[in-house]
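In what follows, structures are represented as structure tokens.
What follows is chain A paired twice: with chain B in the first complex and chain C in the second.
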Partner chain A sequence: MLPAVSACLLGFRYSRAATVASPCGGHHYVTAPSAKPPQPQAGDVTEKILNQPLEKADFFRVAELFSLKDLFDARVHLGHKKGCRHRLMEPYLYGCRLDHDIINLDQTMEHLQLALNFTAHIAYRGGIILFVSRRRQFGHLVETTAKDCGEYAHTRYWQGGLLTNANIQYGPGVRLPDLIIFLSTLNNVFQQHVGIRDAAKMNIPTVGVVDSNCNPSLVTYPVPGNDDTPAAVELYCRLFKMTINRAKDRRKQMELIHGLSAPTSQIS
Partner chain B sequence: MAALCRVVSGLRYRVRLSPRFLRNSFSSDSGPAESPISGFSAAFDHQEVLRRETQSNAAGPKASSLDPELSFAALLRRSPLIQMGPAKDAVVVGRVFRVVRDDLYIDFGGKFHCVCQRPAGADGLQPGSRVRLRLQDMELTARFLGASTDTTLLEAQAVLLGPLDGREHQIRD
Partner chain C sequence: MAGSRLERFGTVFTRVRDLIRSGVIKPKEKPLWYDVYKTFPPKRAPLHVKPVTSPSAKKQEIVPEIFYSEDKIRTGFYEQYGRGLRALDLSKSNFVSTCQRFVDKYRELKSHGMLDKSSLFEETGKALLKEGIILRRRGAPPVLAESRDPVLDLKLIDMLAEQQSAGTDTTKTTEDKNS
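Right, the complex of A and B next:
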């Protein structure tokens, strides 16, 4: 999946001219015929920059950003009541105490590490990340998080064709996000957010915090955890922000090291 | 040095019990004790901290897998939420984090907050003040006719007993 995404991104990074629409793996990218192919030496170095993080399992060391105690203190393990439980969340639950579900933090640690690692790789390659949450209580927090890491957020009403009808609603040649992070996968009437289904339709990977009443099946990297307590959501926002900033800084550092040091460089 | 080690190992059990007792009495964390510690006890605490630091540095990131006290099962078992038992009629300490006219939004450490009416004459309850609550329910849910899952209100229910220690006008945090 990742090499294919990188191949698409290399060619179509800042294309604005709408001449030919060529779908590449579900995304609608546009080729700009006047774009110069990158020079051979720069291309080799760019390949090296892109492939080096793939050699290690935890290249960005995201496992250091959080610990089990941090998750526990932020009340990530608290789930809803037994009657609200979604059948597909049962594998992620540690148990049920006096009718309250407890989420297994050992599993959450692994899933969160995978999700943060994936987010870091996407940010390293210059992908667009979209934060989505329909919880009004945390709307401002999510928007400020996205602003602080230079990415995008959508915490308002989700129009039906936002992803699936983007070329008509927003003009041809729109670049869709490369990753969508759901801080809460439910909308205000406790149904699954439309963005999850639409992202799956458009082949956009998703990272989602799934509580015990959510459906984790369509989310690419589900993170079982509490999405109702402010402490937990602040922890997630902080972790995602730190990961994305860390990955972007690492990219700048790699470009400096390998000599592509122009700050206005547009080659990804 | 050898004498210090022997005294340290002898006092280890006595010192470990007291933080647990404190944690069970107050549901919110109170931090270190208010009375100033001096002399040998200060030195002992400092040595404990240094010893733990060297242990964690030596163990590295696998400290949690080696130390059973930090496993999720152990943390959960000793958490105040589990030790409390059923939530019905449990008295807890909460902290007001938002005030909207007469409604106080109080967070007591559970998954949800609770909303209580400000009692008449208690104008000293501001955001940040600590109150005592009697919990009724940690999450208000009910199964309605024709529904497959419960409907949840995303709130807890509690009865406000009054400010903590009767000191209405003292704002902590």
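Right, the complex of A and C next:
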């Protein structure tokens, strides 16, 4: 029963027709004026739309979505006890107050900005984003966040071959996610979530909130921070939701400006 | 689509880059995130780190302990007054606990010129009492103890012993009288 439920929740999109226009010869008919614009121009415009955000450092202005005070108030700096510390998290810790690890929020700010920026760019390019969290306390929150962004979530038992055996489990030609966001990188037995290793295997970049007892080595864009407090997790969900929605709206805007969407809504 | 499932060698980016360079992945088929990663790489390349199995020589503590200069005052406060009568409300970020008020008062008095530690402690205690905060010393009876009725302190055993000794005296006197 569980695999079926997770399959519904996952809802992998089957490979859709390539949106990136492949260069095909645009036939210009001199005799009859054609109503449709010639194809290569559309391809160039798509290229321009895709490459324009890469020129600016913070095209989607994600740095203004959060401040250090917000992170502090949401208790993002609180880590676990000294005994639970993972040795690879030591560079990200500010210090240890009476055996409680305190995460360095200056570093968290930078990492979070990078992670949100990456997420925004992926969402802008129409990538599939998968939210993963095995914490049962926040399962519903993560699922609603994904629903509000129009992306996907997986908060149940992770079957072994979900990513690595997808073609057999879900049928041939499945489109795998382009980004996986981990709201907690541990599973229910405090071991590293299988999804991190699987995503690295399938060449899928990951964004993950790593607490002081997690292993940040395989996560592409780790965000050192608290993953246990409800306030902190709500903050992360809110930030990811806002960035993804912003990026998608921006994409629609750019398409309108360059006249790529329906001709009725063309602005020129 | 072609891929490389070796998560322990290199990063996701290096593997895909090398596959594109060698021609296994066509430039048209390159993944969505490739250009974004190239323009905005992470601070640390996500390389797999081998777990250390054998505990080698003790490495030094890289994570420093966090201590403040007010901690000395705080230890003095908790030693003398125990846990304090008012509970700490952690949900409010601007909450000032009894201990924190003690610390602030202590520093204020110190800045006024008093140097002796023990006198400072007493003065701070008195100042806080004036402001209305009652501080109970650890181990000592409460400050507002009413005087106990001396009758309550009498022990029953003593009373019985008195009665018995009084009883033997009377029997002795009666015996003397009889005999």
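A few notes on this one:
By our rule, the second predicted complex is superposed on the first by the 224 of 268 C-alpha atoms of A that agree within 3 Å, B and C clash if a C-alpha of one lies under 4 Å from a C-alpha of the other, contacts with A are read in each partner's own complex, and residues count from 1 in each chain.
The criterion applied here is as follows: contacts are C-beta pairs under 8 Å (C-beta built on N, C-alpha and C of every residue); 3 or more make two chains touch, one makes a residue touch a chain.
Not measured: the values here are computed from a predicted model.
Of the two partner chains, neither chain B nor chain C is touched by A:238.
In the superposed pair of complexes, A:178 makes contact with chain C only, with no contact to chain B. Contacts of A:97 after superposition: both chain B and chain C are touched.
In the superposition on chain A, no contact is made by A:250 with either chain B or chain C. Of the two partner chains placed by the overlay, only chain B lies in contact with A:80; chain C stays clear of it.
Of the two partner chains, neither chain B nor chain C is touched by A:258. In the superposition on chain A, the residues of chain A touched by chain B in one structure and by chain C in the other are 85, 94, 97, 102. On chain B, the positions that touch chain A within their shared complex are 61, 64, 70-72, 75-76, 79, 81-82, 85-87, 109-112, 138-139, 141, 143, 149-152, 154. Across the complex, chain A is touched by residues 3-7, 11-12, 15-16, 28, 31-33, 35-37, 39-40, 42-44, 46-49, 52, 62-66, 93 of chain C.
Of all residues in chain A, only 20, 22, 50-51, 54, 73, 85, 87-88, 90-91, 93-97, 101-102, 110-111, 114, 117-118, 121-122, 125-127, 164, 178-179, 197, 200-206, 215, 217-222 touch chain C in the complex they form. On the chain A side of its complex with chain B, the touching residues are 63-64, 67-69, 72, 75, 77-81, 83-86, 94, 97-98, 100, 102, 104-106, 190, 213, 226, 228-229.
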